[in-house]
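By written order: A, B, C, D and E. Residues from 1 in each chain.
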Amino acid sequence: MSERLVVDPITRIEGHLRIEARMDGSSIAQAYSSGTSVRGIETILKGRDPRDAWAFAQRICGVCTLVHGMASVRSVEDALKIELPANAQLIRNLMIGAQYVHDHVMHFYHLHALDWVDVVSALDADPKATSDLAQSISTWPKSSPGYFADTQKRIKTFVESGQLGIFANGYWGHPAYKLPPEANLMAVAHYLEALAWQRDAARLHAIFGGKNPHPNFVVGGVACPIDLNSDSAINAKRFAEVLDIIQSMQTFVDQVYIPDTLAIAGFYKDWTERGEGLGNFLCYGDLPSVGSMDPASFLFPRGVILNRDLSTLHEIDLHDASQIQEFIAHSWYDYDAGNDQGLHPYDGETNLEYDGRGGVKPPYTQLDVEQGYSWMKAPRWKGQAMEVGPLARVLMLYATGHAQTKELVEMTLSKLDLPIEALFSTLGRTAARTLETKIMVDAMHGWYEALIANVKAGDTRTFDDSLWTPSSWPSEARGAGYMEAPRGALGHWIVIRDGKIANYQAVVPSTWNAGPRDGTDQAGAYEAALEDNHQLADVKQPIEILRTIHSFDPCIACAVHLTDPESGKQLQIKIA
Amino acid sequence: MSGSDQIPVSIESSASCSGKPRDYGNARAVLGQIRHALERLIASGEETRIDLNAMPFGPGDLEHLTNCLGTGEVQASVEALGPTRIQETAIPGVWLVDYLNAENQRLTLHIEIANVPQILCPQPQDLALAIDRLDARLDGTPAPNTPPLSS
Amino acid sequence: MNGSMEFLLWVKGPLFTIAMVIFAIGLLARLLEIFLLGRAPNYAEARAGEWLPGLRTMIARTVADPGTFKRAPFNVVVGWLWHIGFLIALLLFIPHIELFKGVLGLYWPGLPNPIVDLATGVTLVALVATLVHRMTHPVKRRISTTEDYLVWTVVFMVVLTGYLAYHRLVEPYPLALGMHILSAELLLVLLPFTKLTHIFTAFIARWYNGAAFGRKGVQS
Amino acid sequence: MAARETPDKTLGESLRDIGLSRRGFLKFCAATASMMALPPSMAPAIAAALEQARRPSVIWLSFQECTGCTESLTRSHSPSVEELIFDFISLDYHHTLQAAAGEAAEAARLQAMEANRGEYLVIVDGSIPGPDANPGFSTVAGHSNYDILMETVEHAAAVIAVGTCAAFGGLPQAKPNPTGAMSVMDLVKDKPVINVSGCPPIPMVITGVLAHYLTFGRLPELDAYHRPMAFYGQSIHDRCYRRPFYDKGLFADSFDDEGAKLGWCLYRLGCKGPTTFNACATMRWNAGTSWPIESGHPCLGCSEPSFWDGGGFYEPVSVPIGTSTTTLLEAAAVGAVAGAGIATVARKGKKDAVKTRQPVTIEELEQKL
Amino acid sequence: MTELTLERGLAAFRAEIDAPTAAFFSSCVHCGICAQSCPFYLETGDPKYTPILKLEPLRLVWEAEFTLWGKIKGLLGLQQKVTDAMLAEWEELLYDSCSMCGRCSMVCPVGNDLAYMIRKSREGMVQAGHAPEGLINASIRAITTGSPMGLQWKTLAVQIKHVEASTGLEIPVDKQGAEYMVLMSSMEIINFPEYLEAITKIFDHAGVTWTLSTECFEATNAGIQIGNKDIAAQLVERVVAAAETLKVPKVISPECGHAFTAIRWEGPNLIGRPYPFRVFHIVEVLEELRAAGRLQTEGKESDRLSMHDPCNLARKSGVIQQQRNLIDLVAEDFVDLKEHGKFQWCCGAGGGVSSNERAEELKMAAFKRKKAQIEEVAPERMVTMCATCRTQLEEGLETFNMEIPVIGLTEMIAEHLVEKPRAAEDDAEA
């Protein structure tokens, strides 16, 4: 058995992710993605008030912070057939938009950038040359030599203090870093600026949801009332603030994020040749322009792309028991009726079974990949593994002929002088994230204007209370709440019985992407991507693994599911 | 770009303190506190600083407070760690001191009841060096690396 | 570990259910104990009906006759004060109304808190006065049993803890609120088995009284 | 590059090194006082203390968490997260922000522990599967969360549990606690533990607690739950700008009714403000933009222990948890049966007494004379 | 040979407990207000006379045997038991210090009808052999001789002769088909013979047909006073038999309070069936005649009069306005006692207290309440309509040296009747 390379913890992500790779020389032959922490939220949700579910579900992830709350309220609304007031849908869209822009920018600068940017190299940069570089790619005003000199001084003081803090033990000086010092300095400056900028962007959630992280939602609309004449509601002043925030987002995306992405990508074009993985892409679609969740009104279309074939889009039905299923052949769970089958989320189970399913007793150095090796399940669409996320969405938009997308993709490819196939790669994934951020921030203006138009026309409804009281509900109902989260297609399935949650299952983007192999040894998206043309320059400093994994923007807390208390399965001893 | 500028923005009457009595006016309590502080300032010269960030203000409370205090003749700005804006109110001896960070986000907002807000006064350590610094300038060699005085 | 919050959740959760169950069992048992005994048939020619005078007495007996008021003004006034104060606090304090709404589904408008607070303060003082009266008045001292003092303590605790919790005079708050709920639960549990039952049975008693006298032509 | 020397500059010095004037320092102290919820008159004391303070090493451990607490920290604007991690503390281990990964990341933690033995601060977010739980429920680098925590706190100066999960067990510990999740103070008994609860905590409260430690070198005054009194000393309800409506009995009954628009009290919609101790009402969120109640949603009570199991989020505080009308009806039925039983027995006793009653005779009476 | 025992007493308590009793005991809050309505407590100041305390034996039986809580207490050995010694102690409380006036029933804030329960308690006391000697003697006499005072028809016959002689009117005896059968009380026959004269005159004046019965002339009921339904029923049966024999539609109870309640309210229940006749108090009949214009009076008493409502008549039977209408007919200066009608105060002699020699002192103590009431309005004479009350008032006022005569209402009416037109009378005589 060949030596296994282990990266654990994978840092600069959300949650606890472990990658094990079986090496073939310096190339990755086989990769195994493992979520190593479990909480049991789906189990905890059982028996609770469906109206409360969003708050629990939202805590699946504090980075995605909005998406699980959103999917949760939508699942209840789907189950109870609640149609939202148009204003509520628009406010939700604005909140989703802010989430995307905030999340993608932070991912790029704070989670992903250090894979490409050598902070230490920035100390060697010439501030004047950096200024020239910055001004050549963007009109962003903070680009003077003095500005970059200050930034450089700050880093220098920091480094000279001897305490490197978060920069300690980075792979600085690794040959895979290819940016010139000036580009590194510019990126570090923007790393710091983005930290400041994101605080402002998050304020949009605070306006409508009271705080960020974890803004508030309600089933049936939004909690914030609109009343132009009240101090205590969304009034004219608040609207003006919202517009300011949208504009500041737009400026940053246009003048910093897009130019930086393109500038950095220009130095790493070789990363368009690896990290593709599955070639299958799935989108649930999202961002309706009307009160109902009518796919026809979605900004992001719904569908499945198989084997890179952009010409054929396959339809998805979230309620169809044969389409979306989760498998646990390599997961630390038990299904009551056997572990070989897949379960549709309505019938989903989360019975924790670590020891009996191949979990290695900690402390361990290596997982037993022949058996269970992850707390993530393996979701499949019609039995096939799928990649979800920005690349999937951009491809869907491109395939459905979305004009702005076509324009952006073509601009990017032509600037970088790359073919369309370049999208199917680690770098393509990162670029797609940037492009969809642009699409999103532009769309936010439209929703904002629609909202203002409604209010001016006298429609201030933000909440539908007709089905608020549980006594008004049917004794049994089930619904699927879905959304396109920044990391990809997210679905929450709820079964309501007698006003309480009878079953709750979330199939999340990072389960699609980071999930383990299924019973047919079909790899998950991370695994497939790592197995695609990855050679490590230095196995002690596997930065290449980080690049491809980070290109997915992992969010592992989301991906991990949890127990069924009634079964007491954890205690059963399995007889093989 | 948007229609927000056409939305009628209603502003509370700014002329007098009485205005529209609010149901949750914590501003009123602070005004009472300011009054007591003024009495102390006049009687004993004791200065008072009130941190408005620590007040459970509702939306509109701060506006009500500042409207009531009005605007006086003196405005000043200190550039240190981002701007600090000092505004005299229409009530002599009552100052609004607004500490902002480099991104213009408020760090904290104080009301100072004093003859001159503390931040405007030269700091004793700086004052101790004042003669040296002037002498240095008279010699035509400004001392390097000295913190800039607010201009 | 998490002490007072766990305590609060425990008293709000399982203990409340237990208390309500004991209360419901006890009260129903008590009412059936009474009603199932029935009355012997009455063959004497009635001077008037029973129902109306019975109903009138149910209400009218709330007010003392002038003679009694004159002879026992303290009893009457203080009794009134704390009963009314207690009822205001119990029935017109918004959080209590929400409790009734949550448990019974019935609700009604409440009073502003300062009024309820005042009523609660008055109730506390009046309750202390009743205790002093009970311990000093020869008749009351003679007829008082342990149960009387127990019931007084529980009622007083309910009002006192409510007052302390509202004014946050006990920290941490969940402990204060928990104590209040706990004493209310104690009250609920004791209610069917002690003189507290009079909250319900006094009206039955008054009806029987009014009916018996009314039958003979006297509005009692 | 990984070379490490003990920094020899105080915070005051290094602030001046990056060009801060004395006025700036004064301002910084004013802002710090505000952040620590101290009266402005404390600014000089803070200035004096900061002249002595040094950048402490901080190790941030993430266990069963959602990263919301880290996200919240990044929203801090006074000081900002970049000021915090570049100027005030040395954040030597933090999964979400640190550059290093894998073995290199773990090495950073061990180095920091070694170099700052007995002096470093440990911040924990997320709950921990307890010693009796399956250690496989949550591991990092092959080690159980429990082992990592115990190893790391052994030589720490103090532990700050950030967020309700670390402070009180939080969501993972919600019933039925499938993973045996425990809080830091359940596990760490021999070190000072400060709980900065909230889901997530207010960013300024996280930085405020750090600033306090940094400034005065000791823990702030704590409440019964080990939370700093300065921030958790008063309930949301007591500091809520909507409180006067509560006192007047004016309530919103729905999320966009007249009451909601006029900013009436959200008690009826389930606001947990009365039982929740936190600084949201004064510090607010996201640079003072708003806070949940201001944006129309009732307080969830997220800074309190067991808040997930504290009754429905839309049920008023005074509504009991899980007492159903059905249960009461059943109890009443049982009571009816019991009452009927007693009454039947009593009636029988009474009937027997009537049946076997011996009439009183003159002779009998005469005997008594 | 049977005897009265504790067990029989307890069984009787048990048999007496009914829904009202249970509701009453469930409701008592020990407020002590009943004491404030009891002349025995008020005038002695001894808290043991608090009415609710008098019911303790009955309450203990109720609690032990009729409540879930009592059963639980019983299992735990915490339930107090009723003993013979306790009943002996309570004899004074239930008989000597309670006239069953029912005033406490009228003021109890939770609505307890205490007098109702005293009556029930006495059932148990008798069965347990704990009744006062005086009442036992009265009961024996009533059963054996037909009168509690041992009075015979011949005594009444002498009275009849007297009246017939002084009025010149015939007193009908055993006259079938009369409208009214009139009953008497021994006390009236012995102490107030003017009563018989008065009704003779009035009925003659109004043209009412009536009769006495040789079979049964006595309406008082010692069984009610001692609290035994067996004896009480026997005495009632005599009245019923007499009325049935004479086929009268109406029976008039004498000016005696307990006799009226005994025959009016308890009688049918004691014999377990409704009467074939109706029962009236003489005051009710007089008022009916007055209302019908069948009483022609002349002249009015000019002195200041006040009135004592007998408990049994007023509070316990609802006859309150009638006597006031009647007195207005014949009195100029009538003043009511401050608390009267249903809130009147007992004279202290009712409920068998007057037959209980041993209670003499308490009876006089209780009277002080009445005395104070009378002093308050300072009448020159008192009017009443119950022989027992009248006796007690006379005795009491004398004891306290108050020169206030007491007269019966019926006599007073009779004195003011317009003489029948002489001519007609003379004609008739002629």
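The rule is simple: contacts are C-beta pairs under 8 Å (C-beta built on N, C-alpha and C of every residue); 3 or more make two chains touch, one makes a residue touch a chain.
To keep track of the chains, here are their UniProt names: A = Uptake hydrogenase large subunit; B = HupH hydrogenase expression protein; C = Nitrate reductase gamma subunit; D = hydrogenase (acceptor); E = 4Fe-4S ferredoxin-type domain-containing protein.
Every value quoted in this text rests on a predicted model; they were computed, and no experiment measured them.
Student: Please report the minimal path length, in steps, between chain B and chain E on the chain touch graph.
Tutor: Minimum step count, chain B to chain E: 2.
Student: What chains, if any, are shared contacts of chain A and chain B?
Tutor: Chains that touch both chain A and chain B, as defined above, are D.
Student: Which chain is most remote from chain D in terms of Cα centres?
Tutor: Taking each chain's C-alpha mean as its centre, the farthest from chain D is E.
Student: Hey, which pair has more contacts between C-betas, A-D or D-E?
Tutor: A-D
Student: So what's the Cα centroid distance for chain D and chain E, whole Å?
Tutor: 76
Student: For chain C and chain D, let me know how many angstrom lie between their CA-based centres, rounded off.
Tutor: Chain C and chain D have C-alpha centres separated by 38 Å.
Student: Quick one: report the Å distance separating chain B from chain D, using the average Cα coordinate of each chain.
Tutor: 34
Student: In whole angstrom, how far does the Cα centroid of chain C sit from the Cα centroid of chain E?
Tutor: 38
Student: So which bits of chain B are touching at least two other chains?
Tutor: 58-59, 103, 105
Student: Please output the residue numbers of chain E that touch at least 2 other chains, ranges allowed.
Tutor: Residues 17, 66-68 of chain E each touch two or more of the other chains.
Student: Which chain C residues reach two or more other chains?
Tutor: 26, 29-30, 33, 35-37
Student: What are the touching chain pairs in this one?
Tutor: A-B, A-D, B-D, C-D, C-E, D-E
Student: Under the touch definition given earlier, write down the residues of chain C that touch chain E in their complex.
Tutor: Its residues touching chain E are 26, 29-30, 33-45, 47-48, 57-58, 61-62, 64-65, 67-68, 71-72, 75-76, 79, 137-145, 148, 192-193, 195, 197-198, 201-210, 212-213, 216-220.
Student: Okay, in this complex, where on chain A does chain D touch?
Tutor: Against chain D, the touching part of chain A is residues 6-16, 18, 36-41, 43-44, 49, 51-52, 55-56, 59-63, 65, 106, 110-111, 114, 119-120, 153-154, 157-159, 161-173, 192, 195-196, 198-200, 202-203, 205-214, 216, 218, 220-227, 230-233, 241, 332, 352, 354-355, 359-365, 460-463, 465, 468, 540-542, 546, 557, 562-563, 565, 570.
Student: In the complex formed with chain C, which residues of chain E make contact?
Tutor: Going through chain E, the ones touching chain C are 17-24, 26-33, 35-37, 41-42, 45, 47-48, 50, 52-53, 66-69, 105-113, 116, 264-269, 272-275, 278-279, 315-320, 339, 342-343.
Student: Mind listing the chain D positions that touch chain C in their complex?
Tutor: Its residues touching chain C are 168-169, 183, 185-186, 223-225, 235, 238, 246-249, 251, 267-268, 274-275, 277, 304-307, 309-311, 315-323, 325, 327-336, 338-340, 342-344, 346-347, 350.
Student: Touching residues of chain E toward chain D in the complex: what are they?
Tutor: 1-4, 8, 11-12, 14-15, 17, 65-68, 71, 126-127, 129, 131, 133, 136-137, 139-140, 143-144, 228, 230-231
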